[in-house]
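The following blocks contain the structures, represented as structure tokens.
Below, subunit A partners subunit B and then partners subunit C, in two separate complexes.
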Partner chain A sequence: MRGYTPGQLAAAALIAAFLLAFLAVPVATVVYVAFAEPGGGFTLSHFATFFELALMRESFWNSLYVAAASVVFASLIAVPLAYFTVRFRFHGALIIQTLGVLPLIMPPFVGAVAMQLIFGRSGSVNLLLGEWFGIGLPIMEGLNGVIFVEALHYFPFILMNLVVAMGNIDASMEESAQNLGASGWRLFRRIVFPLAMPGYVAGASLVFVKVFDDLGTPLVLNVTNMLAPQAYLRITSVGIEDPIGYVIGVLLIGFSLFALWAAALALRGRDYATLQRGGSSLAMRALKPWQAAAAYAWIALVLLLVLSPHLGILLLSLGTVWSFSVVPDGFTLQHYATVFQDSPRMIGNTLAYCGLAALIDVVLATAIAYLILRTRLPLRGSLDLVASAALAIPGVVLAIGYLRTFRGVEIPFSGELVTSSWLLIVIAYSIRRLPYALRSCMAALTQLHVSLEEAAENLGATKRRTLQRIVVPLMMGGILAGFVTSFMTAAVELSATIMLTTSQSLAPMSYGIYLYMQSAAGRGPGAALGVLAVAIVALGTHLSHRFMRSRAVDLDRQL
Partner chain B sequence: MTKARVEAHGIAVRYGRTVVLRDINLAVEPGEFFALLGPSGSGKSTLLRLVAGFVEAHAGRLLIGGVDVSGVPPWRRDVGMVFQNYALWPHMTVRENVAFGLEERRLPAPAVADKVRAALGLVNLLDYAERRPSQLSGGQQQRVALARTIAVEPKVLLLDEPLSNLDAKLRIRMREELRALQRKLGITTIFVTHDQEEAMTTADRIAVMDQGVIQQVGTAAQIFDEPSNRFVASFVGSVNLLPADSLLAQDLRLAQHPRTADVVIRPHTIAIARAPGDPGRRWVAGTVADREFLGALIRYAVTVGESRLIAEAPHRVGGESHRVGDVVYIGLDPAQARLLNSSVGGEP
Partner chain C sequence: MTLKTLVGWLVAAVLAFAGAAQAQQQVLTVITSFPKDLTEVYKRAFEARNPGVRVEVMNRGTSSAVAYVREAPAANKPDIFWASAPDAFEVLSKDGLLQKFDGRNPAVPAKIGAYPINDPEGLYYGQALAGYGLMWNTRYMRANKLPDPREWADLMKPVYHGHVAISSPSRSGTTHLTVETILQGEGWTKGWAQMLQISGNCAAITERSFGVPEGVNNGQYGIGLVIDFFGLSAKASGFPVEFHYPSVTAIVPANIGLIANARNPELGKRFIAFTLSQEGQELLLDPKISRLPVLPAVYAKAPKDFPNPYGGKIKAKVNFDSELSETRYYLVSAIFDQTITFRHKELVAASKAIHNAAARLAAKPNAQGQKLLAEARELAFSPVVGEDKAKDKEFLALFRDTKRTAEKTKQVTGLEGYWNGQALKNYTRAAELANQAAAMAR
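Now for the complex of A and B:
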């Protein structure tokens, strides 16, 4: 049995060509340049140069330190929250659900400026502390600021993974431990946490990678002695020929891959799907009054911290002047007017680029999911592998790869350079968001029992008709969720955007926010644009949750 | 509806190195209700999927209505399959589900509507046409699946454990409905089940399968009374298997060919009493080692020398009953004992 049709083979070839041209080749180019002598030939001299530069060594350690410290702080926030939700019966569950989403809808580079104004040296908190106690907290000083902002932004990755993992622990696991004499802290340490470990490691490794690769937050906070900002600065100031930028690219990819690989290795054979069929998850306990008070206090504190960038950016967008004061001096809608006057084009660009990129993503993701799960095409697994590998490629590196690979390439007929068009921005968005859309589509198709398709074939529908009438309609929830996720995360992408945007007229909102934030006068309009971006993302999140929910209901009814 | 004959000649199927079916030879007569009976992993579902076209054979030929269908894709085979989980499409109403196959055959809309109505009428679900599958009970879903399949008037009807998802009472009713419907339509039907009672009560003939091999083909009475090997004897009904060279078998002069054979004795043919009775039986003394009260029957395990025999005695209020440890006589009827040639079939 051959197991595939010519049409499927052609689709696979097209997808492979796209991934090759816009992911594999650009990344390979970056790696090649980092290891190539000017005349060709292999060399490690660029790496030697890199480590000879004090600034580079410092950046390297700073990046590692910031990523690791962010994981630690994110864990401190997330682990107790996850434990409260799964373990105790109390009204905070909904708040925690909300806490899991709120930070993610605010891109960290947008929130960073607001955080500066609230927690910075002359920000609201330190002004109040100074007034009342005569002290100041260096929360936003240098690397501290980056760690603070990143941990607050990315802790939901750990929270969500941990809640799912703990929710999957079968009550009988805990009960048998209690039956054998374990309780309290020992029960948590020896049974509950080890069983939830896969979820924690998955979340923590993701946080590490995200922080390590982030360009926008350090740039906005004016911290340049880290790897991603250095790569950006080298390429934009020294030039596309400078090998140091490529060396940094290789280091960024290397550490991302290493973190993901280490997580996979740590988890191998340990992803115990512990919830038995028909089993129940961990028993919920009622809180004692003092426990409830402690839990609520912790949640309130986290909620306050999590909401501070949102609140800050809103105040900033509505404030007249906000400097050396706890809150802005006065309020105005002028910044919104400025934004709509100056940059309606940016909003339009964002909608167009992200819509197009999300469309490319769901078409590719649906096709890849189908090819992998429903055909016996040789090497089909590698499509998934390559598409998912985009997770480990930082936006900066992908952008450097594009600029180098497509240098001098003209768009047919128009004669315009590819590197100065909007084309690469859209493609970069779609490549970087493809893994999310792919997971969403794979999940949707995995949940579809194959007999639903066989029944259609049995009744006379060809593969193509079955795809059209059965598979795609039934996957629609997952496809829409994938579209929305791609769209909204692309809307706040900065690291590739900042490098690939060549002119104001082609700039999307994220670039506009960054530009505005460069000057004190631009902060107001920048914040207003940020509020609009957050509104778009929030709307998208809401929609995707609705799609997922209606989808889940459908599947519940199905069997 | 046309009645087609289904024939398999030397069919073999492998998944990688695992042999799933080997040397399957089978002929299902036109209009016959034929059951494939076997434990899970016996290859019965694979054989059914092979007929539907979802599995391809590595060797052998499959003929439907005299035509070799190897290489014909599922959508052009014209065999209707009812899936174990019904596989009703959740995004379509009952009517849309049933109409699907007819639309794919490019029938004009009025003809589709007529046939959908006829099919739903046949399974008494006309009133449910606008509902979604999720709003139906298990039994109703199963009837929709059946209606969807027979609406396209296939040459062969394939049923993959169609009753396994229903509760015990409903299963018996659906079994009768299924049989009645099949008689009415006269369609060649192949029915996969692991439940011997289901197979014996519904099918005209049964193929007993194990480890990818057809062990025996015959009517229910044939495979029960004349099992061709140990596997069939023990899978269909409960059974005592005595090695023909055992002392008990020799004592009772049940075996003519020692060493090469087993003696099969069904527990319900063995009498159990405090003292030898009916002289037509061979009586031998033993000790009750265990007993299970089953309501209509009492099942005794009796130790006779080195052998252990299962005997089932009908139970009546006030009837004779024995306790564990009692010395009893068991009476075997040579006419009910069957000799099995153990070199044929069974454990490969």
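Now for the complex of A and C:
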């Protein structure tokens, strides 16, 4: 490998400029405004004002409480499931793996409305409970509802990380413990769980951050005394000048960084590496009949809970009137007809915005991966760092940053405002999803041995031709996986969307769902649009799995 | 699929998409707080009558829409502002953000009750009428064996404890109108006492105005305090709900106005004229919309049970004074939030204790107990700001200034904090007193 070519330098400069303009500067603006006096100069008075407002203090604690409680509930669901899969030999493992994907294809704000109808004060469950036992569970009351919906949505993060981590535990550790007389709960508590800690912490911190930043779910559930909704309300109704919105932005970023840092810290200074790879991990045991029954019962319960938003939204989209009853009064396809008649554009918008954003993502990600792994460009690592930092930036904060940074800026020639154009939505999507695409492109390129490129160059191919003919085609699996991941996560993104969407004709589906849900007659069509969004995401998930598998096969054949 | 075909596809899609957006020339931008159900109907009707025109709708909450219009640069303001809350239009016209023009439909009466339908200066026009009332879920009421309420005051009764819902005036312009209507109809002190007692019976103070009708529609709450079209449209959409105007209600217009420096003023005027025309007014009768037209002739085409504010059937006792409302706009919201929204748990506990004590004392009268109960009521249901203070110009000015200095902000937040603490103290004490009173009935 030589140093770098001018072309590579130019590419790096372009990427850096993009990241600077649409990530670093907007975020820096938010931080700057939060600490700046109106006339210039540093001040903490906005923070002081923030903590003087009772509503803000309350929102702050509520957000912390909801995020923490969601982690606890998500763990209660995920930890037993992970343990079952790793420890026992039984058929439930496949169901558990499905469980790990099902919630993620449905954005929490879509399911939230349906959850009201199932678990709310007069929802199906409470109506039945009231009829049978004369009791009611306040599952969806205020913050409880947010915690419930978020925990059900995000527990797979913990589940998947934990399964991987437990799978990597060296069986000899467990055997030693058993030889020393530990078993059962003690074995799990002292050996298995501590060894799986890195996976758990990684998953839990992700859940914390996601819940802490979420705007859509609380809004749909009518809860606004939390930080993200307050930031949204302050900026949209008090105005873009209101410093409190920026203070909240800084707090959101701060907590995201803190959670990610805490996760890193929890893992530092401990050696979790085990010598042995592959071969035997934890011993799999067959379940005794009663144990199997208990395990299946738990899985069935979780499955029922996990599927309830899906089922609820489907019922809502097909139901005529659903009010104070266990299921809707009747069924109809009318809501789907309404959606196709009124809002085909929203579906088109989603496909266009997310397609474009995902395209930007894979182009950037492939370029960054190449620059980092195949060149010796100075400071190339910082590209990765900055791009990945987008993970810690909540959608609300990025949107606030855009609205402020590009305030009054017009698109050349059209005289249209940047802040009211669809371009900004696309860019916000691409920045927010870049880390995902980057991970999969980096992985794809890491697996590609450099000797293939060297061979091509030895045969006289230029760098560019090598890139075109060898590198990109061989990375295609990773690129496509990155594309699909970016696409489908962007398709159901609401927090940045809701702030950056100005008019109905520019609105993507996620905004449309939110908009429809604001009127009595719109509930059905909103749910129908939600079902369509879920269908798109599910299709995407399926495709990405297929790409990954088929490319893996292809690669094997080629090498 | 290779990346190339994928790229090709995407580029084609985006181009087609951008092309579709460019194809139609004239764009009319409407910023509104109304739901998609309403705007979609008007958009379609207007586009059908004006080929080559595209109506662009921006849905925002009222206060957020005002902020948007204020902050958008002069060349990029929307053309039309369309919303329920009259105060929003007062704010806009004060800031010079509306364009004066003569767009009156002569067939629209000058006044509804004592309230002028159109802005006297021609800055905005009444497009529909709205009253405030009670909406309830008939299934919920039957299941919980609740009688149908007729008046706001009914909602103070113990039987409705935990079955009512209202939004907060600081979050919803329409709720602000409801609260202000009650305050104007009953007077400051009595109005607040009523508001506090109703809120004490509430299951929730929802965060958005739509949260109330939504909750009633799906049966989470029994009764909601709502603007009429929420109730009427839900009923027309098939939900098992009823709507009733209490006598202390005001009928006020929902307005439409041309924004100053609109990009397409002529088109905007045409749109406003359309919404005020016979055709445009008839669209309001769409079951999904169900708003009261300003044009009396349209009521001839309305469904049988459709309320007609011109016929004298809705007894709107209150002549809404929007100037008074505007002078104390922030004050009312702040008092409501500090003493009701943020202290709702304690208020509900106090109300429950008071209901309980009253029931016991009614069964076994006890003079000392009655005295304690009266004291508890006085503590729990008196506004933290007295009537005289609420009329004090200097005091009101403190809340009215939108551009506040750091010092003023401190003063206001200090006061709010004090009210909050005061409310907490009063409700806790009231609950204690009520419990003592109940104990004496034994």
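To be clear about the criterion, the second predicted complex is superposed on the first by the 530 of 559 C-alpha atoms of A that agree within 3 Å, B and C clash if a C-alpha of one lies under 4 Å from a C-alpha of the other, contacts with A are read in each partner's own complex, and residues count from 1 in each chain.
By our rule, a contact is a pair of C-beta atoms (placed from the backbone, for glycine too) under 8 Å apart; a residue touches a chain by one contact, two chains touch by 3 or more.
Not measured: the values here are computed from a predicted model.
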Using the superposition described at the top, determine whether subunit B or subunit C touches more residues of subunit A. C
Return first, second, both or neither, reflecting whether A:L452 touches subunit B, subunit C, both chains, or no partner chain. first
Per the contact definition in the header, classify A:I470: touching subunit B only (first), subunit C only (second), both, or neither. first
Between subunit B and subunit C, whom does A:L539 touch in the aligned arrangement: first, second, both, or neither? neither
Does subunit B (first) or subunit C (second) touch A:A461, or do both, or does neither? first
Touching A:A17, do we find subunit B (first), subunit C (second), both, or neither? neither
Give the list of subunit A residues in touch with subunit B in this complex. 1, 449, 451-452, 454-462, 465, 469-470, 473-474, 554-555, 557-559
Can you list the subunit C residues touching subunit A in their complex? 1-3, 6-7, 10, 13-14, 17, 21, 29, 35-37, 39-40, 54, 56-61, 63-64, 67-68, 70-73, 75-76, 137, 139-140, 143, 171, 203-204, 206-208, 210-211, 213-214, 217-221, 230, 233-234, 237-241, 287-288, 337-338, 342, 406, 409-410, 413, 416-417, 420
Okay, in this complex, where on subunit A does subunit C touch? 45, 49, 52-55, 58, 116-117, 120-123, 142, 222-225, 229, 233, 236-240, 320-325, 342, 348-349, 351-352, 355-356, 359, 362, 407-408, 410, 415-417, 420, 472, 476, 479-480, 483, 502-505, 515-516, 518-523
What residues on subunit B touch subunit A, complex-wise? 52-56, 73-81, 83-85, 87-91, 100-101, 104-105, 132-134, 148-149, 152
